[in-house]
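Shared chain: subunit A. Partners: subunit B in the first complex, subunit C in the second.
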Partner chain A sequence: MITVKNLYHSYNKDDNFAVKDVSFEVKNGEIFGFLGPSGAGKSTTQGILTGLLKLQKGNVSVAGYDVKEIKQKMFNKIGMSFEQSNVYSKLTAKENLEFYRKLFDVETYKPEELLNLVGLEGKENIKAGEFSKGMKHRLTFARSMINNPELWFLDEPTTGLDPAIASQIKDIIKQKNANGVTIFLTTHNMFIADELCDRVAFIVDGEIKLIDSPKNLKLQYGDNLIDVEYINNGETIIETYSTVLEKDKKSLKNIIENYEIQTMHTKEATLEEIFIKVTGRELI
Partner chain B sequence: MKLWYSFIKEVKLASRGFYFYIELFMALLLLLILIFVVPENFESRQSEYIHLDLPKTVKKAYIKEIKDKDLDGKVEKVEIENDDKVINSRLYKTEDKEIYIIDDKKDVIKLADKKQKIGAVIKLDNKNNLDYEYYLQGYESNRLKNLILIIHNVGTDTIKTVFNKQDVRPLSTDYEVLTDRENLIPSFLTFNGSLMGLFIIAAYIFLDKQEGVIKAYAVTASTVREYLLSKVGVLLLTTIVSSFIIVVPVMGLKPNYLLLLVFLFTTGFFASSLGLLVASFYKNIMQAFGTIYLLMIAMIIPNIAYFIPSWNPTLIKILPTYPMLEGFKEIIKESGDVSYILTISLVFLIIGLILFEIANKRYKKTLTV
Partner chain C sequence: MFKKVWAIFMRDLKVNIRDFLSLYIFVVPLLFAIAINIFTPGINDTTVNLALLEGENPKQISYFKDFAKVEVFKDIDEIKKRVEGRDNLVAILPEGEKYYIMTQGNEPEGIVEYAKLLNTFFQLDVQIEDSNAEIFEFGRTVPPLKKLLVNTSILFISVLGGMLIALNIVEEKVDRTISAINLTPTSRRSFILGKSIIGLILPIYGSIAITWITGFKSVNFFQLLMIVFASTLLSLLIGFIEGINNEDFMNAAGSIKLLFLPLAASVVAIEILSDKWQKFFYWSPFYWAYKGNDIVLSQNGSWQQILMYSGIVLVICSIVYIFLAPKIRKGLE
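Presenting the complex of A and B:
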């Protein structure tokens, strides 16, 4: 669905590249996470893929279209949800969606259906300018689905939403993906990426450091650990041991045999811990 | 169809915003000024306050002479308010003057001072000749001062003889004179109608940039051209409506409204395209304000030539507002030059199209940044 080969981009058209030699592929029907801290090159890459930024160097194909010569009809297949809400504040929620649905040449959703889907039922006739930040974000998210896209770009889809709404949004993403929609998810939230993505790419300083599935990354980079909570001389002690290191194995055996165990859990390395381990950078 | 939907959306947005009503409100205001403040023709008669310090018989003869020149031959008693004091006077209206005869010399001086008009005291000198004592403001031209000196030192018969020797031949007799009120309309149409579009379309673009909706538009199956044309459409609509608000009540059925529509469309399209191009170079209205302000000031300059035809340097003729003013003037005249209007309409359309295409190319590159 997306093929990117040797992509470079410089805002000043010099050798100071925001994105350098980026190559990856996104297969049909997968959720591909593009992860990295602020300024890593996520938005630049996404901007080029969606035609918002002009392709300078490299080859990019999106939904079967060469991005060098963007054709407007390409956007019939694409949906884009922006991190910053960008709806017409003087139009009502319904008017916003009603307007955008007319800009596509394919079958579109009725505004009411989408508003119900994102929990904005009953708010159809309220001007978007009167919405809270979270409501505006949901309206922006709903708008990105209006043309029932085959390829869906999501930029920080749950940022600023309360946990219940964020969970609802994640369910919609999962549902859409189950229906065959390919999703390109840009985020710095590793928990969402871990939960939703089939594969993730770590991007730092404009370069992709690795691409793999969260499961493989955990197997490859994560140490398996055990958290154990036990009583020693009337005191509760919590310690973490590796299941790989011999010394830790022996200590753990000793605790099991000689102390009263309160709780004991295996612990997987998080995607965030792996990111830091691989890139040496925090996700800020 | 996408262009139509975009246009309808723009009309909705504009009607819920502030800028849409500025132009319409200004049109209504200008109409009210034209109807209630501006006279059909400005009063060109000069007012003079005169005190006659003359013997009774001479005074009677002098007044008779003025009365003979009075348009209706009747004296009018009027009260003039000056610094809370009411001054009684007799008013005589001749073809070129309003002469107020005042009984007190001090009142003449005060009135000349406060009303900024000419005051005069007429008396007899030692040789029993009329002696004129003028009270001027000080800023009058030497030409006027010399004229006053000549009038009273050269006999009127001599002046008449010189006048009669002058051979004056008009170059053209086939011209139509607009009333002073009508003459203001081209200026109003140029600045409130066509030129306001330049500023307002830039404001619309910056509002969209601020809301980020341009990015959302850019990832739809509609084109940047359709987006920009829908904005131009709204501007043309408000230009046409606001111009008709001014023209119809004042001019009635006199102008050729089809020509007016064509001219408003082409000049409005030109101004909107220019506004789009200017806005494409800036991120917000604050950054663009300086350029737009300079542009508007430059565009106002031809207005001076319009009202002072003797000042007409070639340089200002290249400013677009010059042919706009002339074009609107031709349209509201019954015998306006249709070929001139159509020619400059075509020129505005062509330049407008070129500017629009450049703007379209620039927005494709910069709209979403």
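Presenting the complex of A and C:
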């Protein structure tokens, strides 16, 4: 669905590249996570893929179209949910969606259906300018589905949403993916990436450091750890031990045999810990 | 394409109707027209209006009709009511063998004197053929001040069309919606066309409203609209560029107001300055548009002249377009 080969981009058209030699592929029907800290080149890459930024160097194909010469028809196949809500504040929620559906050449969803889907039922006739930040975000998210896209770009889809709504949004994403929609997810939230993505790419300083599935990354880079809580001379002690290192194994055996164990949990390395380990950078 | 252009225009119209500033801009032509009517003598006011009793003296009615606008009424009460109206109307009524003149009291002296003279001429059976005077006219059929104000207002409204576009573009920028539009199968050309319609409709509706309300009902509206269309193009271009360059409604409106400077200068040049200074204003499309509007309002312009003035305005606008088009395209990315 997406093929990117040797992509470069410089905002000043000099050697100071925001994106350097980026190559990857996104298969049909997968959820591909593009992860990195602010300024890593996520938005630049996404901007090029969606045609918002002009392709300078490299080869990019999106939904069967060469991005070098974008055809308007391509936009019938893609949808984009922006990180920052961008809806007409002087139009109602329904009017916003009604307007956008007129701009597509394919069959579109009825605004009411989408508003119900994102939990904005009953708010159809309220101006978007009167919405809370979360409601605007949901309206932006709903709009990105209006043309029933084959390829769906999601930029931080759950940022700023309360947990219940975020969970609802995640369910919609899973449902769409189950229906065959390919999803390109840009985020710095590793928990969402871990939960949703089939594969993830780590991008730092404009370069992709690695691409793999969250499961493989955990197997490859994650140390299996055990958190143990025990009583020693009436005092509660909490310690973490590796299940791989011999020294830690011996210490853990000693605790189990000689002390009163309160709790003991295995702990899997998070995607965030792996990201830091691989890239040496925090996800800020 | 047309469906999308129409959708963009209808969205703008919907938003503009809900916005106080835009709504005010829509009402401005009507306010201008009313103000012009109040503060300048009307075209109809150059004609003397007389009220007479129906059937009282058909010969007199027929005679007066050659020299004034005559209205006939069934009885004196109706005449009284009519005389009390806002406009200048004088009644000539019989009283025995004589006539008396009924006025409201605030009519110009000339009109009352004219009515008296006309009645005297009728009684003395004076005919046009009896006159030994020959008329030489400059071809002006409407009051010059009113024509100037209507002409200037038409140009002013064309600038407001640009202002409306700028406001709509700023709204898109404030709401960050241009990027969302760019991710739909809507070409930039459709977007620009859709955004332009509202900026064209306002001057078209405004110029028709002003000319109609101020009494220039018999002008050639096709000629008028041709000049209006040509002169509005510059305002549209400036509207787009100012909308793109500004993040704030008031700043955009303020920047557009700079267009009033060449507009005012062009009017002053034509109306006040001598011929030797005229060439310094040839660069201004408003200069040529004003000239075009002037002959349309005077009703003495040929299509050839109208096409020439419109053509000059279009050429100037095309030069401006060549400079601004890349910036507009880039700004809408």
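We take it that the second predicted complex is superposed on the first by the 284 of 284 C-alpha atoms of A that agree within 3 Å, B and C clash if a C-alpha of one lies under 4 Å from a C-alpha of the other, contacts with A are read in each partner's own complex, and residues count from 1 in each chain.
FYI, a residue touches a chain if its C-beta (ideal position, glycine included) is under 8 Å from a C-beta of that chain, and two chains touch if they have at least 3 such contacts.
Note that this is a predicted model, so its numbers are computed, not measured.
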Judging by the criteria at the top, classify the pair subunit B and subunit C on subunit A as clash or fit.
clash
State whether A:L52 touches subunit B only (first), subunit C only (second), both chains, or neither.
both
Under the stated touch criterion, which partner chain does A:K123 make contact with: subunit B (first), subunit C (second), both, or neither?
neither
Return first, second, both or neither, reflecting whether A:H9 touches subunit B, subunit C, both chains, or no partner chain.
neither
Contact-wise, after the overlay, does A:L91 reach subunit B, subunit C, both or neither (first, second, both, neither)?
both
Report for A:R143: first if it touches subunit B alone, second if subunit C alone, otherwise both or neither.
both
With the two complexes superposed on chain A, say which partner A:F104 touches: subunit B (first), subunit C (second), both, or neither.
both
Counting clashing C-alpha atoms after the superposition, which of 92-100, 128-136, 146-154 or 308-316 on subunit B is the one that bumps into subunit C?
308-316
Name the residues of subunit A shared by its contacts with subunit B and its contacts with subunit C.
50-52, 72-73, 75-76, 78, 80, 82, 84, 86-91, 95, 99-100, 102-105, 143, 147
Spell out the part of subunit A that touches subunit C in their complex, as residue ranges.
50-52, 72-76, 78-80, 82, 84, 86-91, 95, 99-100, 102-105, 143, 147
Subunit B touches which residues of subunit A in the complex?
47, 50-54, 72-73, 75-76, 78, 80, 82, 84-91, 95, 99-100, 102-106, 140, 143, 147
In the complex formed with subunit A, which residues of subunit C make contact?
3-4, 7, 11, 14-15, 18-19, 171, 174-177, 179-187, 333
Interface with subunit A, subunit B side, in the complex: residues 1-2, 5-6, 9, 12-13, 16-17, 211-213, 215-223, 365, 368-369
